[in-house]
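Should a chain be cited, it is by its letter among A, B, C, D and E, assigned in written order, with residues numbered from 1 in that chain.
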Amino acid sequence: MTQRIVIPFGPQHPVLPEPIHFDLVLEDEHVVEALPTIGYVHRGLERLIEKREYPEYVYIVERTCGICSFIHSLTYCQGIEQIMGIEVPERAHFLRTIWSEYSRLHSHLLWLGCFADGIGFENLFMGAWRIRESILDVLEQTTGGRVIQSSCKVGGVRRDISAEKLDQMARDLDGIQKEIEDLTTVFLQDDSIRHRLKNVGVLSKEDAYHLGAVGPTARGSGVAIDLRQTGYAAYDKLHFEAVTEKDGDCYARCAVRARELFTSIDLIKQAIAKIPEGPVDIKVTGAPNGEYFSRSEQPRGELVHYLRGNGTKFLARSRIRTPTLTNVPPLVKMIQGCELADVPVIILSIDPCIGCMER
Amino acid sequence: MNELLFLIGFPAIIAILMLFIHKDKLRNYIVIPSAVIIGVASIWLLISCFNKNTILYAFPFEPASKIMYIIELLLAIFILYLGIKYRKTLTVALVLIQAGLLVFFETYLSSGMHPENNLFVDQFSIIMAMIIGIIGSLICVYALGYMDTYHKHHTEVKDRKNIFFFILFIFLSSMFGLVFSNNLLWVFFFWEVTTICSFILIGYSQTPEATNNAFLALAMNLLGGVAFMVALIYIGIIDPSGKLLELNTLIMSGQAIALVPAVLICFAGITKAALMPFSSWLVGAMVAPTPVSALLHSSTMVKAGVYIIVRFSPVLAGSLEGFLIALVGGFTFLLASSMAISQSNAKKVLAYSTIANLGLIVACAGIGTYKLMWAAILLIIFHAIAKSLLFLCVGTVENRIGSRDIDDMSGLIVRMPKIAVMMFIGIAGMFLAPFGMLISKWAAIEAFIVAPLGLLFVAILAFGGSITVFFWAKWMGKIISVPQVMERIEDTVTKEKWAVLYILAGLTVVVCLIFPLISSVLVEPFILNIYGQTAQLAQANITIMVMMLFLLMIMPFSMLFYRDGQKYVGPYMGGMTTTPTMQFTGAMGTVRDTTMGNYYLKNYFGEDKLFMIGTVLCLGILIFAVILTAGVVL
Amino acid sequence: MIPIVNAIIYILLAPIIGGLVAGIDRKVTARMQGRVGPPLLQPFYDVGKLFEKETVVVTISQNFHVLSYLVFMAVSGALFFSGGDFLLVIFAFTLSHIFLVLGAYSSYSPYSHVGAERELIQIIAYEPMIILTAVGMYLVTQSFNISDIIASSVPVIMYLPGVFVGYLMVLTIKLRKSPFDLSTSHHAHQEIVKGVTTDFSGPNLAKIEIAHWYEYVVLLGVVYLFFGFNPIIAIAAIIIAYFLEIVIDNTFSRAKWQMTLKTAWLIAGAIGIVNLATLYYLRGGVWL
Amino acid sequence: MKYEAQTTTLVEVGRLIGRVEQFRSDGCRLVQISATKNGEMYEINYSFDKDYKFENIRITIPIDQEVPSISGMYWGAFVYENEMHDLFGIQVKGINIDYKGNLIKTTIKYPFGAGAVLKGEKP
Amino acid sequence: MTYLSKSPWILHYDASSCNGCDIEVLAALTPVYDVERFGIVNTGNPKHADVFLITGGINSQNVEIVKNLYEQMPNPKVVVAIGICAASGGVFRECYNVSGGIDTVIPVDVYVPGCAARPESIIDGVVTALGILEQKKLAMNVNPGTGKKSPGET
């Protein structure tokens, strides 16, 4: 009987800046057992709901995760607005949509970079993050924040974007699109990348659906779940198709995200073209009483904020179900029987956001 | 001549004595001095004969041959009995064939034969005698302590130590006989005795597995014996006078006459040296107590196989048959080295490494240029020493920790520091510069490169040599990777064992230092005698090697400078805190041991797959060689 | 006398050259990634810094292994530059690497352990090709001695193009460049943290770095041998070869060990051996 | 802007498994499981989705009652159920991968459960 | 002037931040900010690191890990707490699972403000840390650290 290698993979490991731990049991480099430990980033922010009034709680919600912070605030605000029956001005919906898609662009580029680094392709990492900086510049110019924007509030948004700025953004997107095309071509065509990604961490369509995979993880396996199709914010007025791939391997998930970059650019352009004039917020009074499962599509997949008001300024319950949490069971399935070299790749392929997951 | 007779006869007498001694103490009192005597006698042989070339002795043929004939028939009956008892059809058939051939030979051919020079000694014999006399008798001494512990641990095995030591000494005696006999009929006799000795030793524990493996070894060696017998009959037919039965005459008689018997005898040598496709017997022989493995695989038995092939090497040189035999050796080297990667059992690693190195020796001998012969003889010397040291180290460790698995040897450097250091020396001796095996491989590369069709073998060496790095280095790594807290458990090893291990470890190093001397005194004159020219390593390189060896020996002292000013922290565990015994709290709150297994790369170097390839390949080549030889005869 | 002088010059100068090469490497890499990159002398700062740090060890024997690695690397380089036997250089080279591997094993960290096993896989992957390189040199120049090879006016590269390609592959492994930076790499390694060097720190890590520099010079010295007939071309070839390695590093993702082993053996087996066999044949067939 | 229609159905604990099986056979995916403390009771929401149609079933249990695991039907449910146990102290019976309280380790036990005290508060 | 300030290698750990500061730390490595200009390399291994960049208020499960990583770094070393959470716990300081700033666990040398801290401030923080690193080195030369043996060693 040969001995096995037991590796504590994390919590501190260069593959992810955030802590997550796997007990990897290896035979040679073959993973025979991999069990995750989470909870290194658990702060317990859901209970802060009892200490913050509902408009103020937006700041906490935004800091669930620094990557998709805008979409967290959007989802929360939409939930409160639904419970309270607030009609938000149409321009605010469009602005929210634009910022959501910019968030998605920055998140996907960030992921592509980290993923490239995960397979030892440092040059692409640098390339992806260079493009990402131009996205962050736009976010900073329009909201004031690079990664945490704080521009969404209950009842609308805090800032308007001028028409000239919107035009300029639309124009700049053409250049960015060109750069992204070059980048994703390498990602999807390079043989050494294909070698690392094809048939690695395969998740079948059935598994993806029933294990609860969402977002690009599900879409990579051919499950077309994209919550933007439900038409929240201004998505009901924009046209797009959910991007799916069939194979369910790391390559497919990578391809989904690469292609979604273009969907996002397209959506932003549509939104800029269709954005109506008008105010961007309305005054909100009163307190929410009721409950709602507010759902949206984060870069990592379906996000659910369960909100429950009791008629006071303090909500009774906020429960944030993030896409990474529900992508963990598929991850556990994918990682079994892979190679050690695939472990970081597979973990990265669900685009884990541990900060989100553990709240 | 008296030295030779003493070396053959003395162990035989001790052997018979052993049969009647049942008391451990008394046995110790006899074995140790006799081992010393045998060792001294072989050194004496060296001193008295090293400066002479081949010396032939006219020992009377008739009476001795008759006695041998009778013993052989008795042994055949013994095997026949066992074969029928255990229902081993193949063995029975082979024994019957072999005995039939022998009777045919004795009845129809031997009457007219009168070989005169039945014993001889030359430098090669001296080298072999030294290996047998020193290493073989050291192993006998080691076996004393080992077998005590063995029987304490394996109470289910019946204590038959008297027979065990009887066979050990018979083994030594017959090995001496084998290397001193100039008469092929006698070589055959000793050959058969070693076969049967190994059969009994492998089956010592009498478990079904041991019995099966013993019969496997027997069957394969009997097959070789049949080939040997056919060679004798062939010689008897082409030369009724029996002059060609003399080994030196046969070898000098040139390819036209000697090639057919040479190929047949080399076939026998291949079975004995456990080359593919016959390697399975040697691997199976690992069930035997460790001293047996050490004896069979380092200094005797398999060395008999390569001895005879190297002897016939001048005959093979330049012939297609020789090339084919070399090819079998080459492939065996490559494949057996690869298979060693996939093994975690230390003895199996040693077994495959043995097979590999024997393959390399045969590859050298098959091509048979003077440079290659030089390399082959160096390989025999270095391999015998380092390998026996390793076997005995593994045996000692096994006795103490109850496992021969390399994965269980982690932290050995703390648990059994002295053994670990010796194991280190042994392993380094097997594959690292500036130790012996590497010198020999280097010599082989330099020799193959100018040999006909040498590129193939250079490539085999390049790949096979690299592969050996993998399994030896990971074994070394295991010994020194220390889970933090371990206690020392070395104190129960007996004094004789220490003595044996010290001598062998010392030899491994010393022989590297004095190998230029060995080469110039023994190997080079021998080769010069045969080929008229000889090989040697360049003086500059030898100097550098020796300097490296000294550097290697003083490097460990650098540790003394690091006693102070060090901060100790635990190993990097991804931020996890570990206990001193290297446990951490993993997922689901379970406390896990940090274990570290080696890589075995089974999908690439798996035993089954490569064995199949090797068998098909080597069997094919051998069959081709046999057909070729048959073509020559007809 | 000259060989000894050469050896001494090597031992003194190689770290400087190697460090500069490493510095240029980092600078060029950064430029390829659209960055400014560190100063040219950054590798020296790094090593200087490491020597300023305290020595942290898991076990005391790590020091010994690292020192041996450095010493034998220097020895093998010195042998090379004093014109010694190529095969002996290779064996000393392997010996020094074994010490690095043993140093990694001795720390009992799973990351070091996996790094050590991978380093061994790399050794068995590249070693056949290196030996075949030496054999090729012998076939062309009839000598294993570096001094003879360098003195020969034969354009070695003309006879050994395949071997040279194989050697470039070895260079990728030895320089720890993508796609073959399995066991450790210059930046954080996403699979095994730092692999073999995980548990070395401070002065020990600095020694490993210096040993790498020694190694660079030897490896590039071998490239020189292919073009030894004309020093200018040879130096140009070294620069081009190194630049090529940087480009490869920047355009490949890391391969898995299976791929590495297969590629290395296939290149050594196919291109290297075919090249040598052709050479054998052309040389009037020592074939039979 | 569209808000989606959401239905919430109250279910008895005993019939939970049956309902979940029905969702499974209808081809719904499990969106989430979450618990809410409501006075002396816990509400547990099981949300399902098929083609963007969101359905929620809710059980209400006293604080010390055990609930059955649905990880038999939905393998991935173990994440939510373990989380529920660690944060609320709800005992879930028969989880396929039971972390036994080690999924999320918290400074205070069951921080969302009855009697959990936040920082700076007095019990 | 020592070499320390020319070649600071960093180790980065997230002790429960929201990711915002983490990605900004990474962004500092990339072309626009390119900290490798100053010789800064992200090592990912405490044993190679000189500067410990730590983000997020410390979560109870992380206490041992942060201590372990800090312990494994060879002297001289500095700790840079990045973002307001690492300084005081930030918006999460009232959370039950956050014990507060990093300084409740290990000594912090530099605090970088911001939520999320901008790459410029992170670089500034690291550069400030270098000065402290030099001072520590000088202090080390005055009192050379005495070798301490762990219980398992002989």
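Here is the rule we use: a contact is a pair of C-beta atoms (placed from the backbone, for glycine too) under 8 Å apart; a residue touches a chain by one contact, two chains touch by 3 or more.
The model shown is predicted, which means the values in this text are computed figures rather than measured ones.
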**Asked** Steps needed, at minimum, to get from chain B to chain D via touching chains?
**Response** 1
**Chain labels contacting chain D and also chain E** = A, B
**Asked** Highest contact-pair count belongs to which two chains?
**Response** B-C
**Request:** With centres defined as the mean of C-alpha atoms, identify the chain lying farthest from chain B.
**Result:** D
**Asked** Based on Cα centres, what is the most central chain?
**Response** C
**Fill in**
dist(centroid_CA(chain A), centroid_CA(chain C)) in Å evaluates to 43
**Asked** How many angstrom between the C-alpha centroids of chain C and chain B?
**Response** 36
**Fill in**
Per the C-alpha means, the centres of chain A and chain D lie apart by a whole-Å value of 24
**Message:** Can you work out the whole-Å distance between the CA centroids of chain A and chain E?
**Reply:** 27
**Request:** Mark out which residues of chain B touch at least two other chains, giving numbers and ranges.
**Result:** 484, 565-570, 572-576, 587-588, 594, 596, 598-599, 601
**Item:** Multi-partner residues of chain E (each touching 2 or more other chains)
**Value:** 13, 30-31, 42-47, 61, 65, 69, 72, 74-75, 94-97, 145, 153
**Fill in**
Two or more other chains are touched by the chain C residues 33-35, 54-56, 59-60, 110-111, 113, 187-189, 193, 198-199
**Message:** Per the touch rule above, enumerate the chain pairs that touch, sorted by label.
**Reply:** A-B, A-C, A-D, A-E, B-C, B-D, B-E, C-E, D-E
**Request:** Within their complex, state which residues of chain E touch chain D.
**Result:** 60-61, 94-97, 99
**Asked** For chain D, which residues count as touching chain B in their complex?
**Response** 97-102
**Prompt:** Given the complex with chain B, which residues does chain E contribute to the contact?
**Reply:** 13, 45-47, 64-69, 71-72, 74-75, 144-145, 147-153
**Message:** Using the touch definition from the top, list the residues of chain D that touch chain E in their complex.
**Reply:** 105-108, 111, 116, 118-120
**Prompt:** Any idea which chain B residues touch chain A in the complex?
**Reply:** 344, 405, 407-408, 573-576, 584, 586-588, 592-602
